[in-house]
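First chain A sits with chain B, and in the next complex the same chain sits with chain C.
Coming up: the complex of A and B.
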């Protein structure tokens, strides 16, 4: 099979900006993008730099953008990529939020690893040194299987719509990892980790757009892990400020009326005593009020029929959890 | 006959009060028979824990099952959240039984897993049919450039959207625009997050998203944007003035709810569709339409 690869080339010793070069190669029908890169390296240009190790989708090393989409190079066949490529040419670029080092190699440190480390994603055991091994049951580990299968490929962070506008956001890969540790029965630093995860630019900054889940090649579903972290933080009474107020007010409103009271939500999110915050709501609220694009004022918000049944569900859930 | 258990959601009657009447008028004009579900709860909108929103949604699904009707939603977020709950309840009979036993039995309800949940956009594409919709168009939106904006929950995750069964669900918005006579403007942002969910957590990021999407559409020549999600509308229309100051530039892109766009093309007036309630004026767009025929009286 003949394929043309259009690869991003960048040599920091020679240039400040990179550019693309095209290479025509002849490969096997079921060759992957990673095979293609190796072919270019051996038959066209031995200076081409890229990463890859296991070639079976396990090490998470070979993530690149193929035709503008983040993917694992060793799990993407060229035959498929050609169909999606522009004019039959397959483009290969490094993941985008990261700083480029050379060709397809990017700096994983600030993009992924530093954020990851900041979450202290390791088990802090309570066992005294030298004590018996800390055991985990099979069933517990099975439940963690999904989140444990993360390979740190970085594709969820690459797809993350918040990182796209704010590089400082900690991102789904790191949050998923902290969730994995918090769920581990051996960990004794649950509260501390949840408190850290509830700080600025972490769990509450996620828009739950499901891009992370959609981008993950291992079905880790990081978006779901973030949901769970939020629920846990709320249950443990951890976190404060607007997002937590918002969450609590939302729940209280549905619990009492069966549906959302948006005026109450807006005010309670700012906090009843937060004068600057409330004043900021003014222009938005006034604009909406003048155009009659506004929910009913707080005191006019009516209970839904069926509100009692909803309240019963809430009470029961709260009793049980 | 297109008969549905109608689930309007909170925002169509709250923060976007123009959406509910527009949707009802259009549905009636197209001959849908809507039975509004009045005694059911908020889906949880991805804010409430699944542990409590699943039983609330199971209750809604069970009530529609009793009516023997599929549910029609008019909000991407409602659709995504109740659709996801439905998928879990349908796939896992043990889980469903537990919810039935623990939460629904008391009211004499039991969800058996047979209810279908569809957004009005999907209903137009799948049940009613876009060709049939075309026959209803009296004021084609000829020459109007329209950017689509789906809302996250109408794009992901693919299992909840049932994309293997309905691969076109990611294209209906553009297809609808074309059927109404308009020109669909392709944008990068159409499937992305509007920014609304993080308005309280990180206003800067939220406004950045709102600004990026509206500016991108404008740059690509869009005269107007259309969305099937009222939460996206709250952000893209309601927060647009704030996004303008955040981005230090004028944007002025009118944003319509899906039923409003359909409504205008099938003969309703902007007043019928309550477009005066929008934050960003829709006047410039209204002038682009050739008003060939207007329903003299509201059929509702």
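Coming up: the complex of A and C.
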């Protein structure tokens, strides 16, 4: 199969910007983008630099952008990529162009080293008791395996809309690693980890956009991990203030009325007796009122048709969980 | 210059386990890796760890299976240690959070792997390697063990006949530097990138083996390369033994089982060497051509695939566009694990004081001529730990001595020489690498013969001559991966030379070494290990 790859080339020792070069290669029908890069290095330019290791989708090293979309190069076939490429040309760029180091290599240190480690994501367990393994149900293990399938490829952080505006936000990859620990029945440091995860620029900063889950090449679902962390934090009585108020009010509103009462949500998020907070809402509330977005008084918010059915779903879920 | 207690080179299972153990033993430790530990080859291990905890199993039975698998060459004391300490290692990993799959009682579940007489391999879906690697790295973080990543080992620093550190190429900056320490552990893995069809990651280029070999340390049993029976042709991507354990059958294009054709009932779960040898014979037609073999997984239930083969199923879907349980999957044996390596004692010590080795780059004689499926990971845990303790104890009593930068300067000069050769010729390092992989595939594969091995020896020598003439575009700079590939190719050529020489020397068939010109095991002459030494530029087997 003949394919043309349009690869971002950048040598920081020679230039400041970088540019794209096209390479025509001949590869097998089942060749992956990683195979294609190897072929370019072999037949065109041995100085081409990129990352890649296991070739089987388990190490997360070869994350790049193919045709403008983040992916792992070893699990993306060129045959599929060609169909989505512009004029049949497959473009390959660093996953984070702004963090480029050399050609397709980019700086992974923030998510792979710093943010990951900052969350202290390790199981603390008693190694002394008993000579046998702890009893754990296979269904719990299966769920652990799904969450732990994360390879730290960086795609979820790259897709995260919060990191896009706040680089200090710890991000879905690191939060998923904390969830992996606190959901593990063998861990004895849950409360400490949940308290830490509830701190600034961590679990409560997620905006529920689901981009992390959408970008994940595995079935890890980091967004769900963040939701689970929040629920666990609330159940442990950890976390307070606006994010938790917001979380509780949102759920109560949907449960009771079948849909979101935005006025009540805004007030309850600040707290009924938080006068300075409520005063800050004034201008926003006024603008919302003018645009007919905030019915006043708030009890004018009516139940939606079918609200009782929604309430029954909530009740069932609460009983079962 | 800072002097470390223990320097561990390599961030796979063995290296991380050794580093963790040395740290817990009281040593100050630094981990130096060619890539981030989570990117190690160990991540791609689909199998699991052997431990005799299943009902009806025993440590004695585990020992017996291991010895039988080793085809007369196992060191019985080492096997005993391996099997007796398995429980402690696996339970430790479990408590650290490895999600080993469970049975109905919530205890470890087991599958039967090739060569075992009972289901003994603790597994975690079909991605145990990935999970174990992750958990070990978590402990590295917990213990605050510093990791220097993107470092390519160039040479060992030997002074007063002792190993006092390591010289490496810092890939991000292009600098050649020395890290000094009382003890150095090599845990750099195998060298199966010398084969064209291999399950090994790109990083398996024998860097540690070559560094020790050049210092006069012998490599042991290099002829024993384990070929995994079921990999995707052309890629070497492995379909785990779990698939055969759960009912996958090896068949021809007419869906006739190879076990029936060959008269070997239960072939699928025989030792890997037997399975690969029977397959290779069946794939070779009378006129010397090739015919295909396949894996038929249609008998495996969907819920079992979901629980124990989900990674493999996803890989097949993504890369081949096929569903694992539908149709026939083409397969071929691939180079999977180097059983040979740096000769070490039971605690990982080499003949050079201060130099230790563990994991895939080392060889102690534990596994003999063939390794039982599920014992590789166990070896990394048990002997990674033993090496961690031994190196830590050695470091505590060693006297540090400042080493000269001249070691690094020698390496800088040698790398600059590669640039001065120029790149104007038609030959290239990628062409040499490709020719090496082809000759190793064709002539040093599952079935060997003197004529083919002689041819391979000649070719490897000529490739070495070609290697000595090709050059580099530049020395140093940011992520100069061309330079790294060149160094790695030099390592592969050395290890390939040692492998071919050892394969030529052993004139018998045993375990993973099958010679069609000497098809029988010869205990009289060959119930012993081979040792290959690098003398000048030759590989001398003793």
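Things to note:
The definition used in the following text is that the second predicted complex is superposed on the first by the 256 of 321 C-alpha atoms of A that agree within 3 Å, B and C clash if a C-alpha of one lies under 4 Å from a C-alpha of the other, contacts with A are read in each partner's own complex, and residues count from 1 in each chain.
Everything below uses one rule, namely that a contact is a pair of C-beta atoms (placed from the backbone, for glycine too) under 8 Å apart; a residue touches a chain by one contact, two chains touch by 3 or more.
If you're wondering where the values come from, they're calculated on a predicted model, not measured in any experiment.
In the superposition on chain A, contact is made by A:152 with chain C only, not with chain B.
In the superposition on chain A, contact of A:252 is made with neither chain B nor chain C.
In the overlay built on the shared chain, the residue A:260 is in contact with chain B alone; chain C does not reach it. Shared-chain residue A:89: touches no atom of chain B or chain C. In the superposed model, A:214 lies in contact with chain B only, and not with chain C.
Shared-chain residue A:161: touches chain B; no touch with chain C. Residues of chain A touching chain B in their complex: 161-162, 165-166, 169, 201, 204-211, 213-214, 227, 231, 234, 242-243, 245-247, 250-251, 254, 258-262, 269, 284, 287-288, 291-296, 304-307, 309-310, 312-314, 316-317, 321.
Note for the complex: chain C touches chain A at residues 35-36, 38-41, 43-44, 53, 87-88, 90-92, 94-97, 99-109, 124-125, 127, 129-131, 134-135, 138-139, 141-142, 172, 201-203, 234-235, 237-238, 307, 311, 314-315, 318-320, 428-430, 434, 473, 477-482, 485. Residue ranges of chain A in contact with chain C, taken from their complex: 11-13, 28, 30, 32, 41-43, 46-61, 75-77, 101-103, 105, 108, 112-113, 116-117, 120-123, 125-127, 131-138, 141-142, 144-145, 148-149, 151-152, 180-181, 184, 186-187. Those residues of chain B that touch chain A in the shared complex are 10-11, 14-18, 38-42, 44-52, 55-56, 59, 102-103, 106-107, 152-153, 155-158, 192-193, 195, 197-198, 200-202, 204-205, 208-209, 212, 238-239, 241-242, 276-279.
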